[in-house]
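See below for the structure under consideration.
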Amino acid sequence: MSEVAGRMSIQAGAHVLEKAQGGRGMLLGGVPGVAPAKVVIIGGGVVGSNAAQMALGARAQVTVLDRSTQALARLDKEFNGAVKTVYSTQDSLEEYVLDADLVIGGVLIPGAAAPKLVTEAMVKAMKPGSVLVDVAIDQGGCFATSKATTHEDPTYVVDEVVHYCVANMPGGVAMTSTYALNNATLPYILKLANLGWKQALKQDVHFLAGLNVHAGQVTNEHVAKALGYAYLLPEIAVANADA
Amino acid sequence: MSEVAGRMSIQAGAHVLEKAQGGRGMLLGGVPGVAPAKVVIIGGGVVGSNAAQMALGARAQVTVLDRSTQALARLDKEFNGAVKTVYSTQDSLEEYVLDADLVIGGVLIPGAAAPKLVTEAMVKAMKPGSVLVDVAIDQGGCFATSKATTHEDPTYVVDEVVHYCVANMPGGVAMTSTYALNNATLPYILKLANLGWKQALKQDVHFLAGLNVHAGQVTNEHVAKALGYAYLLPEIAVANADA
Amino acid sequence: MSEVAGRMSIQAGAHVLEKAQGGRGMLLGGVPGVAPAKVVIIGGGVVGSNAAQMALGARAQVTVLDRSTQALARLDKEFNGAVKTVYSTQDSLEEYVLDADLVIGGVLIPGAAAPKLVTEAMVKAMKPGSVLVDVAIDQGGCFATSKATTHEDPTYVVDEVVHYCVANMPGGVAMTSTYALNNATLPYILKLANLGWKQALKQDVHFLAGLNVHAGQVTNEHVAKALGYAYLLPEIAVANADA
Amino acid sequence: MSEVAGRMSIQAGAHVLEKAQGGRGMLLGGVPGVAPAKVVIIGGGVVGSNAAQMALGARAQVTVLDRSTQALARLDKEFNGAVKTVYSTQDSLEEYVLDADLVIGGVLIPGAAAPKLVTEAMVKAMKPGSVLVDVAIDQGGCFATSKATTHEDPTYVVDEVVHYCVANMPGGVAMTSTYALNNATLPYILKLANLGWKQALKQDVHFLAGLNVHAGQVTNEHVAKALGYAYLLPEIAVANADA
Amino acid sequence: MSEVAGRMSIQAGAHVLEKAQGGRGMLLGGVPGVAPAKVVIIGGGVVGSNAAQMALGARAQVTVLDRSTQALARLDKEFNGAVKTVYSTQDSLEEYVLDADLVIGGVLIPGAAAPKLVTEAMVKAMKPGSVLVDVAIDQGGCFATSKATTHEDPTYVVDEVVHYCVANMPGGVAMTSTYALNNATLPYILKLANLGWKQALKQDVHFLAGLNVHAGQVTNEHVAKALGYAYLLPEIAVANADA
Amino acid sequence: MSEVAGRMSIQAGAHVLEKAQGGRGMLLGGVPGVAPAKVVIIGGGVVGSNAAQMALGARAQVTVLDRSTQALARLDKEFNGAVKTVYSTQDSLEEYVLDADLVIGGVLIPGAAAPKLVTEAMVKAMKPGSVLVDVAIDQGGCFATSKATTHEDPTYVVDEVVHYCVANMPGGVAMTSTYALNNATLPYILKLANLGWKQALKQDVHFLAGLNVHAGQVTNEHVAKALGYAYLLPEIAVANADA
């Protein structure tokens, strides 16, 4: 799903940059003689890499910021130097965001709220009509001014900066996302069907990690703690299931 | 302007392919494991070449049809074989349009109405949710079902096929288009300012070709005929201007 | 050797597609205005990736099928989206094989017979003159209709589909294969020469894994079992060698 | 047809370089760690440019020789410097041909016998098992040792160098060539059908240039001279046809 | 020679940007995480296109300015959008030059002094340690602060900006330049040798255009005028030579 | 820093190949019609890969030698076959070095003197004016004839071969190198500042590995042995620090 969201973020950003959507009225790639839009991508993971592919493909001028030199070196190789990779500090972040026409927020920390990297002051200082796309919105968003929107009403404006913060972005391209999800889950479904649930839980720790409740006993530690139940190791619950 | 419209047509088509706009819910480039959209571009001129750049950049599967083998060979070289180039016949046109997810109509014949290459029957036979973008709409459109729309209300549906037929597409990215227009006209404006209108008309046939009326005499043949006035050769009108 | 076989499979397929070899009489890459051949590569490992390199290089239209989304994502990056990557299911396999002009079978499961992914029914339904190249033939082949052939008489026809199933394909380019083999084995030979066999066996588990018999005792478990001999751990056999 | 022949020449050369066909047993592109074959293409026109595309695509090391610096600059741009372009002199030709694994002869001078650029002495000095493909064979060939062969028996050996000199190479991929020919001729056929032969001859000098005999009078100068007939200007013959 | 000078200008600029040569101490392409140098190329002709090739190859961030939209469109195609093309106005020139780390002056107007596009004020406003390379120096230079230097002592500093203004830049790579010159002149030398000077002058207007004096009569108009001699049409002089 | 040195080595080599620096007077990439320089890079690690990027970018003909087939396969993928990868043996090394115009020595074995891969005899047999750049000079150099030089006086000549052996090459582009170093060290500095030295040493083994002396006790084994002190495990020293 990160691949879908990363690729879609540029398509969304390009659309919102049109005059009728409140943007600066710029074509992402410009035309010969007219400079292209400056796209700044915060985060060089799966979202950032897929967004960079699309932005480069549209002939924009692309900069990716990240705090991992390894991630930046990987992107430099992937794109043969065609994206500018910049180590992310408070300084560099501010410099590039303020100069950008389109900013993609793609910082996702698994299991944690996304950090608010772009502050209200930075948004206020951005160019009128510039666009923010927050791909991290499902985890709270990585811009201070982000709040979730829908595919039906995708944007709002703060300090003349257009925000696109659609929750569940991949839902907008349901056909592509459904196939992608099928591909990712099919091997597990086949295993479940072939082995039955008991064997599947025993043979594959990924299944086991997904077991929450078994025979009246809570086998997920977080759930048990949150609801005040006793916690049973899933390995033991499954072993009992055999008897 | 053809460059702007050609590049913008893919951005528009990608947006309309989203579920919320009535499209099939496909991501133009798919993701690894999920096949990309099939983009068919009718016409391999400036519009078609720029549309192909953007569609390839978005990782779609791109086919360009044209009736000039020279145009197709030029595109093959430009894209190093990455676009499929197909000689346009009634047969091949029908085969590719019916299989397409997104069709770009980019056939512009200077000074003539665009030919209606995609018939109503073909539209009826297309996949539900597929998208037509008619870049030739300012010259009447090259799909039988095209009628002009606006940036505010850009699409309508015929036989489950979404039509995007915005007149004056470049107006949607006004900043880019204005600069592009400036670049194209600036040399003429400078000449006019430096030489004065008399010298400019004498030294540059492009100016002369734009002269419609001079000192009460019509110097444009079409205008003279249409309005029933006598026609004066602009060369003569300008020569008289000196006396 | 998988690199050699993968690259060679396209060269073989292109040749067999010629009319004189029984193929459809198609040029792999077509020419401008004439659509290229559709090449379907089953398996996205070393064979598939090298075949895809060559097929793309010849300007064919290339689809790779695999059951690993990771493998597909890796190929998508390697080829910057220029190959279509499709998750392999019975359905998608049938759809793409039936539409193909050239199918490369590159599914190799180490130490196991290759799975018969293309059935007799699918072969029967393929286009007359289309071509199958079975790179997995040394492990039994991955088409139901495959049987091993030689470089001297490389092809046969089943249901109007030409089969190229040469065993030991790399033998056809002996000079390249010999150098490739030398490069892969030279470090081991140098080690053996420098350390002597006893030290080499002790210091490098790769050597040890290759020891079958020592001082009259069988040190390979499979061989011992198959022939009814006692099995001695190679570590122990080598330790004894020192005494 | 030059596009077909140029692309096919590399496919033929790669096949003949295999051991079973008498070649050196090299894979055109080598594999990592094993150097690729050296492909030398004589002539940088349509044949040479298409051959270079395919040879580069197969990851060979490609040098193109030509006597036109413009042609070489064009190829340098087309391939972004990935082919080595060398000005053709007797010296440079000998240096590169003697070092080559595969030589493509693609020098075609319209309406003239191809020049014999590679001499018998040069062939004698080439490496055993190296391969010559003569795309100019339909005009006599551009190697001194060339003589026409067929798709059924395509090669012969002179001084340990394998010669592939198939006349009518495009005939080997009949389907592709037929479509290519259709695309090139269809516009003329449509014109002929729509206008009738008289109007077609009058409106289009290409038709007129193809008129050999009309109403018993020879309208082709070469034919008239060769057969001892009077020659009538085709323009006059056609004008008379109207009366 | 423009190709040599254009390619060499980037190599010179990269060297001068090193700390020991007085430059900013920047690597043209940066490294992952450190932004590359900004290279601004004034003029999109042969010099500019070759400079852009090298600068892109070194992974710099490249902008080309020119006053011809056709030239910019050609560069956009040549580099697939990887260089930023900007229409040159006084404003855009100033904006990009002041922001640049390396500026290449490649504006050559045949037979005229190069225009002084970069003024003293602009040089004064550039960043300390930035570098100017004036490829037009043999025609007077296109920076106001340019004066010719030599390969032995190639640079000088004005307002903390390092100037590289070596006259006859191609002389620095004498081997390459000599071959390039040979390739360009050889066809003429062969013609002269084969035909003799009289026939060569008659058959080839390029030779005739180079004739300055014949049989005591001046056949070059500029020379005749400058030295006060009578001028004889070279065609007539040559015709007399026959008698 | 290896990235900086690798990229800079080609820039240095290109400069030294100029006539005025004693080189052959060749342009790295040649021009159309004039063959490019042959660049041989010994070692396919970070230095070699970055040098190859720059050499390819300058349109040179690039060969990389390495003794790891994995490294060569990785480079083949990274550059899509555009560099020639050759398995390094004494034979192949000699063959390619003797034929080279520019040799980059990039073999760095962490914590060991670089091996002398290019012997005095090989240097003597190289072409006059060819260039050696020794990136391994800080570890003793990998050419037998290498001795360290400075940015102020970077080269010397042995047997007509120009040697560039500047110690601390990255110092020549101080601005780029400083940023690169900051990016690599900043995360550690922040950790140290946030946690204090005790916690930092406890939580991060990379810090611990850098501890040499603590509270009068030597915690680095090599230092202890070399100076005759007792050695204390850093873990124990740090644990005591808490008490």
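Should a chain be cited, it is by its letter among A, B, C, D, E and F, assigned in written order, with residues numbered from 1 in that chain.
As a working rule, a residue touches a chain if its C-beta (ideal position, glycine included) is under 8 Å from a C-beta of that chain, and two chains touch if they have at least 3 such contacts.
From a predicted model like this one, the values you see are computed outputs, not experimental measurements.
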{"item": "Contact distance in steps, from subunit C to subunit F", "value": "1"}
{"item": "Between D-E and E-F, the pair joined by more C-beta contacts", "value": "E-F"}
{"item": "Identity of the chain that, by mean CA position, is farthest from subunit A", "value": "D"}
{"item": "Whole-Å gap separating subunit C and subunit D, where each centre is the average of the chain's CA atoms", "value": "35"}
{"item": "Rounded Å distance between subunit A and subunit D, as computed from the means of their C-alpha atoms", "value": "53"}
{"item": "Multi-partner residues of subunit C (at least 2 other chains)", "value": "3, 29, 31-34, 53, 59, 69, 73, 81, 87, 179, 183"}
{"item": "Touching chain combinations (by label order)", "value": "A-B, A-C, A-E, A-F, B-C, B-D, B-E, C-D, C-F, D-E, D-F, E-F"}
{"item": "Sites on subunit F touched by subunit C in the complex", "value": "67, 69, 73, 77, 80-81, 87, 89"}
{"item": "Subunit F contact footprint on subunit D (complex, rising order)", "value": "29, 31-36, 59, 61, 69, 72-73, 75-76, 81-82, 84-87"}
{"item": "Touching residues (chain side subunit E, partner subunit F) in the complex", "value": "3-4, 7-8, 11, 14-15, 17-20, 24-34, 50, 53-54, 56-59, 151-152, 171-177, 179-180, 183"}
{"item": "Of subunit C, residues touching subunit F in the complex", "value": "3, 53, 78, 179, 182-184, 186-187"}
